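Shared chain: chain A. Partners: chain B in the first complex, chain C in the second.
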Partner chain A sequence: MGRFSDFLIALGFMKKKVNILCVGLDNSGKTTIINSLNPNKVDNGMIVPTIGFSIETFSKSKLNLTVIDMSGQGRYRDLWEHYYVDVDAVIFVVDSSDKIRTCVAKDELEQMLNHKDLKKRKIPILFFANKNDIEDSMSVADCSNALGLNNVKTKNWYICSCNGLTGDGILTGFNWLIGIIKKILI
Partner chain B sequence: MASFFKKKLKSHNSTISIKKTNNGDNDNNDNDIKISPTPKNKIEISSSSNNHANNNEIQSSTNHNKVDNKINTQIENNFNTNTNTTNTTNTTNTTNITNTTNDNNINNNNEDNLTENNTSESNNKNKTENDDENQNIWINVMYDPFNGIQTISDCMDLVDIDGNNEHHLVIADFGNYRNNTNINTNTNTNKNTNANTNSGSLLSLNDDIISINKKINKNNEIEPTENKKNPEKKVLKKNKTSSILLSKNDIVLNDNKTGIPVLKIFKDDHVETRISLPDIPRSVCSFYPDSRSSHPIIAVAIGTTIYMYRDRYPYIKMTLPPVEPNPLEEEAWKNAITNVNNEQKMYNKYNMDLKVSNISDSDLSLNEVSNTNNSNSTSSSRSNNNNNNNNNNISDISKKNKEFHSKLLNIVTNLVNTLISLRDNGVIQLTQISIEFLALQDLETKLAFLVGNLDLNIAIEPTITTMKTIKKNREEEDSCSYLVVGVNEKLVYIVNPNGCQVIEKFQLSSSIQLMSVYGLYDVKYHIIVGCIDGSIYYLTSNSCYKITQLEYLPVGIITFEKSLIVGCMNNTIYSYTTKSKKQYSIIMPSPIISLQGISGGFKKIKGYLVSLQNNEVRVYSDKNLILLIPTPDKITGMIFGRFEREQNSLIMITKNGGLIIKFLKRNAKSTLDDINIRPPIEQKQQIIIPKKTRLFIDQTVREKENAKEMHSIFQRDLFRIKLIAARAYVKTFKNTLNPISGIPTAKIKMAVEAMGINVNFKIRLDIMNIGNNIARNLYILFDYNQELFTIEKPMINIPIILPGVNYTIDCPIKQNVEAYDKDINNQIKVLLCEKGYGTPLVMGIADVGMCQDLLEVYG
Partner chain C sequence: MMMQKKDEDTDGDMFQRIDKSTVLQEARAFNEYPINPKKCQQILTKILYLLAHSEVFATAEATETFFSITKLFQSKDIPLRQMVYLTIKELSTIAEDVIMVTSSLVKDINSTSETIYRANAIRALCKITDSSMLQSIERFLKQAIVDKNPSVASAALVSSHHLFNKNKEVVKRWINEVQEAANSRGLATQYHAVGLMYLIKQHDRMAVIKMIQNYSSGLRSPYAYCMLVRYIAKILDEEDIDGNARGLYEILEGFLRHKNDMIVYEAARAICNMKNVTSKELYPAVSALQLMLVNPKVSLRFAAIRTLNKLSLTHPQAIVSCNLDIENLITDSNRSIATFAITTLLKTGNEASVDRLMKQISGFMSEIADEFKIIVVDAIRALCLKFPQKQTMMLNFLASILRDEGGYEYKKAIVDAIFDIVQSIPESREFAFSYLCEFIEDCEFTKLSVRILHLLGAEGPEVSQPSQYIRYIYNRIILENSTIRAAATSALAKFAIKIPELRERIKVLLTRCLEDVDDEVRDRASLYLRILDDEELCKKYIVNENTYSLNYLESSLQEYLEDEALRKTAFDISKVPIITKAQEKSEQLRIKTKTAGILASSAMNSAREPSPKKSAMAESIDPQQQYAMEMEAIPQLAALGKLFTSSTLTPLTELETEYVVGCVKHIFQEAIVFQFNVRNTLNDSVLENVSIVMDIASQDDENIDLLQPLYCIPCNQLLYDQPEKIYVVYKRPQQYTPSVTFSCLLKFIVKDCDPTTGEIDSEGFEDEYQLEDLELSIGDYVAPAFIINFQKAWDEIGDANEVVETYMLTAATSLKKAISSVIDMLGMTPCENSDIVEDRANTHALLLTGTFVGGIPCIARARMIYESSTGVTLELTVRSPVRAVCEILSNAIN
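The block that comes next holds the complex of A and B.
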């Protein structure tokens, strides 16, 4: 399949650009995760809270990815919905050590799923239960329960635990996402 | 680190702490920091079994006293010993009960909780079904009904303790104070008197008793002086029981880890750090001491002291400067004390001559005093006979004692008299110590207090009642702040915690109870203060005035830039401008428990929270009700703001110790803003207008057609009414029935009132000259039926009436026997006349009811 899709891309039949929206509450580690995926970024250890959003483009697994890293701060969350229209996949990052705010994350997730631009579309959602290195953090199952993922039946989703700082687990989840995207796009 | 605490703690006089080893309650964390008072006379009893052992311990000691009493006291003292025994048994009983009921209470509470929760939940359902909006606005994070926190809004804060933008919840928990109401009041009074380390009346007496007991235990061979100690105990008996109760309750407190006041620092929804507090906290604030520091300080106001914590550790302890007493009052105390000292010296000298040991202590002199006072010198001398061979000496001593005692009594009465006269003059505000001293029961206790506190200093450290922060010159959260402290001693201080100096001081007329602060200290600020007498003051850098005097006591105050909100005990919220103009009032459906301002993302709106007795919290913006939050229980403490990383969180503490956390949804904010801009909901409600009836239409048609006629008829009638009114006026004027005389020379007002319902009446006349000239040569005449009434002085001369002064004249009137069965109207006319004029100035009619009905009833 790999060679075939390369061929298609070369011929211009396949959409080169894949838009991925990365959302989640503030401080959940969205920027950290995206940076660890981004081969162009040098890890300088300095990650500041994102203001508004930032767009990263890089190619991975022979796809040209445009990752929109949204800010998770309350006052910027209104911006999320503007990108729902032309998005191909969503990464939802949850801070599994921040138990008290999982209900906020759940609320935001519900709002997103019920948004008119996303409701009808079959978009894969990748959940990262980030910061699994922190003692006393929630397990993947707990996270899934807390977010009420069992009730998400209309979308393709996958949840995996990861560590944004070391990169553990990120690729597992990301490869799943790439696989789905490729399936959909072909 | 704790050294600075220790210094203060030494001053706490005595408590008995008991360690229980079998109790599993010792689950305190490693980072426990205790500021419990380390007692001077520490008596540690470790019991491995249960509380009964403790009781026995104490009982045995009290029994011991009792035995001693029996040995030493004679027949006259029997009564006393009896009461003593009952007292001791009482105390042990009561303490037993408190121990057991404590557990019961907790159980009961829990059960109550459950039932209440059930009912309220069903209520909730009804309510929430009604307004979906409410549901959508909040994310219910958690509700833990059994968290066991007891606190008020003032003792809650959200603090970014580690400077990493995570605002932890900080609560000063009162502990299990409702089960221990006794000690709280006790310790509070102690605290008051103990403000001066030297003064504490109860505790020092307690000390005395302990020391006496020790002495008694030590010297069982009875010396004559030792003998006399025992009656002293009877004098102090009242105090003694209370002090024993106090220490017993202390035990209960220390037993139960949840019972003592604790500063709780949360992480998310669980307590991360507990810091034991020495007493019930009054207020908790957090602030940044200077602009460079990233870690805030938590200040806890307890009694007279502000304890400050930084990075979860004690940092500084601060007390406000003592309130200087009035020189006259100070003088009186000084005199009394020096006099007592002198007398004591004389007395001691005499005793030294007698070579009787152990009389140097003030305790002993006190004890001598009470001994002689009990006038059982014969009995004591008799008992002395057994032990001391020197009869002469004894009688001499008792004589001397009597003399000494009477001298001391003189001093005390002098002091009391001067203090009372100072108090009654009203010019001087006595210090708390003097007031409490005057309130002591009898001279003997007063004497005991005076003699026991010869090193007394009546300059009192003010007791903090409320504490807030004020930012210095920047709005930002981490800008440096000052503390604003209101105290019971009618003062408001602005304190720079950096160096602990008072920057500004306001003297008010009443005890400060509530406070709210707005603005920046360097730019423009104001402090709104609510006093215990219901007055509201406005304080700012260069002015200070009273905004209003409320009829009902205030419960909470919140101030905004130009206005303030006061919640009062009459279920009403009032709004005033800072220029003392009343704006509006909102009536609540049930009593207000607490008021809390909304900070954070709602800068624009004047938002505030009101918690009500009927289990709901209301969010108001100015006068608009924005939200109604039904709660499962009564909310005693609440705070709105940034919690952990969530901007708009509402944290509430219920009366039964539950913890509720709610987050405001992101999109709710805009709806709230909308609501605020929208006109109030009431405006949308349609007024039901009845349909136009046939009659109405006919009427309008008629009015259209005959407009002219109707107008003229109306005008004519109007003039008629005016004419009738004018005539009536003239008539009253002629008869001078008008209560105010119309003669230009003398304007006099007279009110007549008949008082009494029996045969003997009284007519009270209130006469006032409301003109500017002095009225002379007036007299009062009574016009009445002489058959019916007897009036001793039917004419009263009034030589002069000065303008503006109210003259009250009472005239006794007796009803004659003939009048009893006559059924005629019996008015008494009162005429105020001026000599030389024919018509009276004023006339009043007193309608005196007949008493025959009464006579029928009573015979």
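The block that comes next holds the complex of A and C.
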């Protein structure tokens, strides 16, 4: 980044590029949530399980966002780490109606936090407790407990409940993330 | 790719000194932000360059590079994205986890904006997909096939073509989309769609025929039509033309009137290649080709003349009408066209035109390549035999080109031609010998010198002034290498034996040979000096007109050497059949005719003109050689000795059944091998331990016990659509040639198998499958043979053992049918195109030759009369040096 472009960004003339990595178990709703954030996407109800990954680029809140939507399926989870190096923020999606697998989610989270490329870096993590519309789904507090978030001391994190299908709650979490990013980067 | 081109211009040595580790370092730039598309493209180009030059990338290196390349999906730069696809395709076989770009590619394929890289994305996607993933992308491919953008549809169709080999079942489900694509407006799309549709239906002949009929009009792509023509040709080649395929000929004929040259040519060629084509059917095709002969396009003229040239071998009379146009092509500036023109004319031309043709040939002989010269020489050889009166001129010509520069194959062709002329036209001998003598004075090919010396020895003494050759032969003994000296010694001795007046003088020369430095030369000289003193020995060893059947001798000797028990006693030469020298020559001629054919077609392939027919080479490979090689690789079968002859493939099931089986019968000296080609068409089952149980179903032969089953070589595992071979071996005494009907049963253990993963159940059950009966008939014991002059061979064998039989072939409804069934029953080879019969004729003489198992020559004449009330009356006359063979063959008609 040249000095000049930093300057332009500070003045708000040029949008800064931000890399966001979106992870979480399969079927948790990552692609659904990213689509609802993406102003270029029309909802055609055609969301299929992601194979590998998919990169979405769009602008929002004066930032150029590159969101890497990873697949949550077991066979692709090893691939997440390839994208840790140059991320500015992480979105971690949990299916709050899937109590049984929260321990798997917790496990994946710990592995990620202990990865050499992320461990030392102060990057913000946004947790979505998704699918809050489903009956019997866990509350934010339950999710937070199940994931052991209270023990996460080294990172700046925030958890919020949301509904990927209607978009409820997504912006609350997203705005928090943007606030942090702008503070760190600019 | 435009970008890359510009780079090359400005930075010409970009590709010099590219080093893998440096490039991999540079590839880190993929992780940088902002992405520099131009720089990244260059790096990708370098990676592709390295891969294309077979630089080895370790899995880890490739995987790491692959992952950094995935970062480039962030960039929206179109050329860069295309380079990314290309690189992903190349890395897909080396790097791990390549399927992780699936969603990214699907996203590009589905992008609504008309981006030009959608087609590239489809190709990359199909390349990285494995068959377990295919189902998840199926929907997108189906959509792409019917996409209104032709490049997208074509990419999807071509990719499906590749996927078909990996997962047939899934691709078969797309048939409706493929059908829709075939009706699309894109020319390439139509072509690709028709190709894929054929691939899907190819094993269902009725469906293919329907498809051909359906598309025989209304398509727009000329390439698609050409494909149709080829499919038709394939069916016509498999099927008896009388049946269902009759209508297909009409479609071909219709294509001859198409306004696109390429289609017209394809159709004409397909008709010319049809089996048993009649002159009426040929007529429109030949007329179409005739028009092309005067076309300004070189490629068309070449294609047309090449096809006519091939046709002239089998149907010389059919192309006589084109002779005038062909003559004009002799002066064509394209020498390949001129060569084909001349050789065609030589085959069809009349005596009067020969002189003129020969002059023209001499004019450009030095301008063409060796392989074309060989074609010319072969044509002249044939011509000389046709017009013996012209032999002086031909020989002059051959002699003059013999003096020119040329490689071994070319010189050999000339010498072979002269030899043949000498054999068939004895009057030409003196003339020919003087040329050959002159040639060996200065011949750089030992093999040719030896052959010429042998010929001089064998036939020189019979010419009017034999002494003239002695000097030439003796000069060889003084000047040449030891191989040639030995041959010359033998030649001299033959003169001495046959011409008593010369004997004493030659003895002096032979005595000098006793001093030779080479022991072979000395040995021969002393042997001959000894024999020369004894009239009896001379007769026995040298003048003898008979010889052993060399094939038979070779195989019996081999057998003798391999068998401990046999070797205890001396080898018994009296069991080896004795044949006359004339018969030996016929056998040599057969081999020569075959190799000449191969030479001609390989020369055609190497011609620089675009070759419209790729399979020419494949055709020239003799299936029997192929079989022999396959069986020699199996120790049990290799022990049976040399393969005598193989039948064609007899289907034992319908083509559309669960298991498709066909059989080829191989005759050995003392065994019969039944080769079963089996194919499993069920994708959800696997057969194991597959064997064939053969039983004698019917025979009228009390000696049948002599035919003893030895063993079956089963096939361990028969996977879906992977043909395998099973062999069943029977032993038979040498002279015993039974006709038998066998019942055949396929036995196996069947196991279920998952079509998508290929996983096989551990449990299976035994099952069997009844096949159609298999006939072993007398025709199977006869190997093809080739002769040029039937009458001569007929007279040479003589009527000593002749057998004549008369039959009523009531089942034959035409002469054509009778001819093909007689050929089938006897297994013999038709000569002089006598298997072709005029449409309206009602009498015919079919001339046949063959070699009966044991290497015994046989020759037959079948006279036929057709009457609509009674069918065909056949009078069959068989001749052979062995009486039993005549009897066996004349009884083979039923």
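Assume the second predicted complex is superposed on the first by the 173 of 186 C-alpha atoms of A that agree within 3 Å, B and C clash if a C-alpha of one lies under 4 Å from a C-alpha of the other, contacts with A are read in each partner's own complex, and residues count from 1 in each chain.
Simple rule for what comes next: a residue touches a chain if its C-beta (ideal position, glycine included) is under 8 Å from a C-beta of that chain, and two chains touch if they have at least 3 such contacts.
Computed from a prediction, not measured in an experiment: that's the story for all the values here.
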For A:100, using the defined touch cut-off, is the partner it touches chain B, chain C, both, or neither? Pick first, second, both or neither.
first
Give one of first, second, both or neither to describe whether A:154 is in contact with chain B, with chain C, with both, or with none.
neither
Partner chain(s) touched by A:79 [first = chain B, second = chain C, both, neither]:
second
In the overlaid three-chain picture, which partner chain does A:50 touch, first (chain B) or second (chain C), both, or neither?
second
Where does A:66 make contact in the superposed view: on chain B (first), on chain C (second), on both, or on neither?
second
In the superposed arrangement, does A:175 touch chain B (first), chain C (second), both or neither?
neither
Would you sort A:26 into first (chain B), second (chain C), both or neither based on which partner it touches?
first
Which chain A residues contact chain B in one complex and chain C in the other?
78
Chain C residues touching chain A - in the complex, by the definition given at the top:
31, 33-34, 67, 70, 73-74, 76, 97, 99-104, 106-107, 133, 136
Could you list, by residue number, the parts of chain A that touch chain B in their complex?
25-27, 74-75, 77-78, 98-101, 103-104, 107-108, 111
Where on chain A is chain C touching in the complex?
17, 48-55, 57, 66, 69, 71, 76, 78-79, 82, 85-86
In their complex, what parts of chain B are in touch with chain A?
139-142, 268-269, 601, 644-648, 661, 663, 665-667
